[in-house]
Amino acid sequence: MCHDKDAWLSYVKAVTSTAHLQRDTPELFERVRALTLDLAEPLSDADATVQSMDDASPAKWHLAHTTWFFETFVLRDVPDYRVFDDRYAYLFNSYYEAEGPRHARPRRGMLTRPSLDEVRAYRAHVDAAVGEAWPYLGDAARALVELGCHHEQQHQELLLTDVLHLFAQNPLKPAVWTRSTLRLTPTPFASSAVEKRISTALDTNGAQWGEFEGGVVEVGHAAPRFSFDCEGPRHSVLLQPYALATRLVSNADWSAFIADGGYRDPRWWLSDGWAWVQRDGIEAPLYWIGEGKGFGLDGMQPLDPDAPVTHLSFFEADAYASWAGARLPTEAEWEHAAAGLDANQGQFLDTAGAVRPSDHGMFGSVWEWTGSAYRPYPGFRPAAGAVGEYNGKFMSGQFVLKGGSCATPRGHVRASYRNFFYPHQRWQFTGLRLARDL
Amino acid sequence: MCHDKDAWLSYVKAVTSTAHLQRDTPELFERVRALTLDLAEPLSDADATVQSMDDASPAKWHLAHTTWFFETFVLRDVPDYRVFDDRYAYLFNSYYEAEGPRHARPRRGMLTRPSLDEVRAYRAHVDAAVGEAWPYLGDAARALVELGCHHEQQHQELLLTDVLHLFAQNPLKPAVWTRSTLRLTPTPFASSAVEKRISTALDTNGAQWGEFEGGVVEVGHAAPRFSFDCEGPRHSVLLQPYALATRLVSNADWSAFIADGGYRDPRWWLSDGWAWVQRDGIEAPLYWIGEGKGFGLDGMQPLDPDAPVTHLSFFEADAYASWAGARLPTEAEWEHAAAGLDANQGQFLDTAGAVRPSDHGMFGSVWEWTGSAYRPYPGFRPAAGAVGEYNGKFMSGQFVLKGGSCATPRGHVRASYRNFFYPHQRWQFTGLRLARDL
Amino acid sequence: MCHDKDAWLSYVKAVTSTAHLQRDTPELFERVRALTLDLAEPLSDADATVQSMDDASPAKWHLAHTTWFFETFVLRDVPDYRVFDDRYAYLFNSYYEAEGPRHARPRRGMLTRPSLDEVRAYRAHVDAAVGEAWPYLGDAARALVELGCHHEQQHQELLLTDVLHLFAQNPLKPAVWTRSTLRLTPTPFASSAVEKRISTALDTNGAQWGEFEGGVVEVGHAAPRFSFDCEGPRHSVLLQPYALATRLVSNADWSAFIADGGYRDPRWWLSDGWAWVQRDGIEAPLYWIGEGKGFGLDGMQPLDPDAPVTHLSFFEADAYASWAGARLPTEAEWEHAAAGLDANQGQFLDTAGAVRPSDHGMFGSVWEWTGSAYRPYPGFRPAAGAVGEYNGKFMSGQFVLKGGSCATPRGHVRASYRNFFYPHQRWQFTGLRLARDL
Amino acid sequence: MCHDKDAWLSYVKAVTSTAHLQRDTPELFERVRALTLDLAEPLSDADATVQSMDDASPAKWHLAHTTWFFETFVLRDVPDYRVFDDRYAYLFNSYYEAEGPRHARPRRGMLTRPSLDEVRAYRAHVDAAVGEAWPYLGDAARALVELGCHHEQQHQELLLTDVLHLFAQNPLKPAVWTRSTLRLTPTPFASSAVEKRISTALDTNGAQWGEFEGGVVEVGHAAPRFSFDCEGPRHSVLLQPYALATRLVSNADWSAFIADGGYRDPRWWLSDGWAWVQRDGIEAPLYWIGEGKGFGLDGMQPLDPDAPVTHLSFFEADAYASWAGARLPTEAEWEHAAAGLDANQGQFLDTAGAVRPSDHGMFGSVWEWTGSAYRPYPGFRPAAGAVGEYNGKFMSGQFVLKGGSCATPRGHVRASYRNFFYPHQRWQFTGLRLARDL
């Protein structure tokens, strides 16, 4: 996920093969489009309209923008396609600087019209048109349909986290869904790579450590499947020996950090982080509201001490690691440790329903902050033309997160997937796993 | 109307007589409560939820807050009254500093729940309870019912101007109502007072002037009818001879001001006004959007050159008067000129429908900026107790406006009525009438 | 004094007579110019250069700007006059919007060059040129010399209050002068007017009240001496009976207000004032720093409980009056009470030296906040031409203060003198005298 | 150099050997202390006092803070040492969060007292005390003297760039020194490493490229000389083949970028950079003021088209590289290319005098922006205890710069030296050298 989801189109790679497009994309399209509607099902017109902060977008905007994507990049070249409403391009295109003015991002919450029902009708119109056009589309257009599905999956996660943020502003603390969180079997990295071994010694937090020899290893995307272009080129890096904790930092761990005065001691904090803590009066993770409870899509609930702590900024994650005598993993360390694991196993978003992270595996549950700045890989070059307009555009000031979260649609991430946010942002399902040198 | 409508309770005067309360209040209550619902009728849940700026409140909030008023001040002492939802006090009471925390004003737009339908149910619940309780209420409670009606009339005007502001943010520029503006016969002040006469000479704008001898005159509220306490005590002031224009400044007049570079010439502006013009890039009245058109509750429409110009700040009104070689009237001058006129005649809000000012009379059409700062009258003393908590609270930095507007419910204003806003505010239906010394 | 001293030129009235110009101005010029240098004498180049807030100007700027005034308005038309440095017009003219760009006010503290010595040389150059030119000047030019002297007296007071503000920012809390405050005999208003009498009853603070019958009285400037044009036209106003306290509110009084929780109780405060108290964490008058001490031009000193409290905002003065069950006087009430008193008697600035208010008379000691907004008098019209460019420019959002202070040069003020500041400003020597209705 | 020079103490490494401390430090101390005074010599008390922005400090503060360093860390344990003024610790210690309150950084410009002369006396007092104490100091204290010298060298560069920024605010555009810039012989990297070769083909800008094979190379500090701890540990990294331009981007190059609309085309800019350009109205390097001229320590001078462009933000450097079809080098690429070069050769600060970059070598002239975020090296661990309080404190949001500038004291930098600034900052002598993949 990224700061401005509108830029994702730019990361599309060259199409890898015709075969999978033809075979898999129709099912993917149908599944993704249906899930978005399901996610929005419990929302009222008002719920779907309000924007609770500049970083967030209204649910209705997510529903419309993902639809505009297909209309613009796939359907506009289809003969006889009738544009649903030609004013929507201005409202729901927030992508191209070069294509002229568009509705300002912080004003997205002013759009009480069109209504949620009108946006649903827009979706139905476009879905039908894509279905009718599919048999006649070429590979380029089909690749754009595939891209649109991955793009929409990113907006599914944002829709959930943006709605969560909105509901958190309401003193009534409404629940989107009633609770039905599954406690999944964790899928630690340790079983997957021969050079890894679990340290027999427990550390002070009762965590075990998986150790890695390092050396020259490969990172970045290489497989024939879909990826965004910032995931490549695949390349070699040299790693020093390191260890990763076999579980995420938990709510209980975090309570100990707070009890030890972690938020009041500048020793643990980066200078920018300390300024943020003081300016914003930060004292706990974002949705730790009230005694022992946390707000989530299932409303106010007791915090499970064993569950991964979430809704942390990079600054908080980094401070905790300092306090714990450890550090954050680098992106390459994390990716190397995850190599060989099944990225589809873990706590992901499958269907609409209450989501809280409970699993400690590498994939799913919470996005794991790394200590790596989001910068281009060696040999990365922006694609030519309009879709490459913004390649690398976000590569300053942000840090990489890995692994996906309980709000990420299953199947969306992979080991090479690079999510990124500014170090103060924390309305996504973000957590951390400790690392240390060997 | 005032900056924070929640403070109006504080202005209630001692009840003037039992008779009119018993006789008139039930009809007033029924009429006011029904009109509010009518005004909200064309709004969707989303329309009624979003807050477009800190100065404005969502329509839903207006509907609920005016209802909370009756529940809190009338019903809470009624035996067996069942509170509709005890969480609403926190959400919809924004009045008493002394009664502890309440939902912050700039966050009113975050309340997607309760829904508009739930708020309507809240209104029905309270209306029924007031009706049942009425026969058993004492005079004090009945006076509070009357006060609640006047309070709600203020919120009716704010509801319209706040919705107008919200819709103006939408690039689709939706219309609340289709157009049905009546062109009323103006009711100038000139016919009403023996010492006034119409100057035979037309000035450069084709306006006539009514002249007044001045001297010691009475201003402030004195009649046995309802008023807010800032309207009194009635007292004498000494006026110099003066003249008032027999019509308001029109859209055509304003176009001439713009064409003459009025917004770019610091000579006409107060220092604070010039800073505001430059900082906010002000070039025209608030809703003059596009070529010769203005946005209103009936959407984008051509500007009628003869209609009064509206949505002006005090700064703009004052600059225009300087440019025209005139000045704004003082509050006392305006009130003296209006004495004897029927404050119920003019272009007011009678039923829901498209409203644009078109009349040039003293009452209705547009609120007229005066050159008088909103300060207490001689002998003004805050009432004792909770309802007087905020008396005079807003008496710094604001200017007085007189006469009501096309969005003011008919019957709400009188000559002594004191509306007030900060000099940069202009989302109300505000205009000006020129004055000059004799 | 006013927010932007550069605007004072605009207030000059028509010259009243040739005689006094010829007779008095040379001595006035010499005295005023010398006092400014004396005031700056203890300042280093650095002291005279730094700007401690946007509202303040560096001492060096005051020295240069007052000199630029004479160079521009008197000398530039004198044959053979050599401009000292033609770049100074840009640096030290902050007056005419119409005369193009000038150095931005908040950047005045960036001017480390020219040095204080160079500015002193500029003063000597101009002083000599004025002296040489005097015999040949016409009345218009001589009137401008007189105006320049009054203008410079205003800057003398600002120089002192701006330096005081600067030194207050320094943790070393340096003293400009050692202490030599005189305790003057107060000159109450009570002896001066037949209709006034001292109430025999003491109020709870031990203050006596002088009572006034009110009626139609005259206010505004009328005498043949110099005045600024906002002081006129002289006109009649109608006053209700009222009383004024015979002494100012003292430090001891203010301590009682604080001890009673005055700064924490919203009941006493205007809405804007309460917002200011909360946003800026206001808990005491501006320079009440540390236990029982206050910072002044003589450094940190114990607060004299009997001395007038000073460095108050209008908001604080108004809140105190509410707490005390009284109110602020109106400008007209104050001026009427001061009529007949000698405006030159009282605690004023005579020579350079430590200044703290200690006297309770109407004139001098502290500027007294009134409850009157600074607005034009009936019949006030801006002068034509360049010097009238800004007439009335500051007449929004500010309140009138009367009487002068211990930092005002003796002879500068009169009963009709109108000083004005925004309600939150308090770096001048501002205090209050209570009033009440009879 | 770093954002907050006060943190440098924390970067001290373990002392490498006693011998060089004994032998070299006295001369280093004498030379460094003398140069600082020389740099301040042309400054008036006012010049040395004013702070022109939050990022900058007054020259007087630099002079005092570097002195406070020796007093606090070396002299306070010396028997019989008399503290010069015990209030200075509060004024000039801006280091330890843990040691309680200190004068706020943005208020450093308020300190008109102590005067520049008093600060010079403070320096003399401490210099004499260090000289007297030297024979009796142990190695730990001597290492702190050495550290203090390197710390002061950083402040020498900041003193120059901060004074430059201050003088640039003055419309008179004063020159600190008359011009005496030397045109040095460039010292390109190409001669220093066997695997490097100069490409024979000239690129479109007439630049040549040095090519590097990459592979596993060593970076970070390893030598027995002094370094800051963020320069280590020395470690291996894996580089892809790459090329570096043999010269810096020049003023002429930059003019072509501007002429091509570089500042108005979002294609070249990072998203944060584009927001910065638009918000701040950026159109040229910081001191390109007026037609073909640039402001420097020698005042306004014509821009030399062949000289390196300087005073660029990272955003500008990155945008230029994108426009030129190239990229910024990584820190490791730069450091590898510089290995074997003499870091003392190049255009550095030797004595006080006018400085403008004119040389194109790797060391000196301008700091070269890299594409590497400033993050810790593998195995980096904060030192224990107070001096390590802030280790790594600045490692978020900043980018690394390499090589030193014409304002860096000769001898201060080395290939492993890591300077860092936020991507929008540009008041240092910052420039760029292009890189590309092979």
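For clarity, chains are labelled A, B, C and D in written order, and residue numbers in each chain start from 1.
In this section, a residue touches a chain if its C-beta (ideal position, glycine included) is under 8 Å from a C-beta of that chain, and two chains touch if they have at least 3 such contacts.
Note that the coordinates shown come from a computational prediction; the quantities given were computed from them, not determined experimentally.
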Chain-contact steps, minimal, separating chain D from chain A: 1
Intercentroid distance (Cα basis), chain B paired with chain A, Å: 48
CA centroid of chain A to CA centroid of chain C, Å: 60
Separation of chain B from chain C, taking each centre as the mean of its C-alpha atoms, in whole Å: 38
Chain pairs that touch, as defined at the top of this document: A-B, A-D, B-C, C-D
Of chain C, residues touching chain B in the complex: 3-4, 7, 97-98, 216, 235-238, 240, 266-267, 269-274, 314-315, 318, 322, 327, 371-373, 375-376, 378-379, 382, 389-390, 392-397, 399, 423, 437
Residue ranges of chain B touching chain A (in the complex, touch as defined): 44-50, 52, 87, 90-91, 103, 107, 109-116, 166-167, 169-172, 174
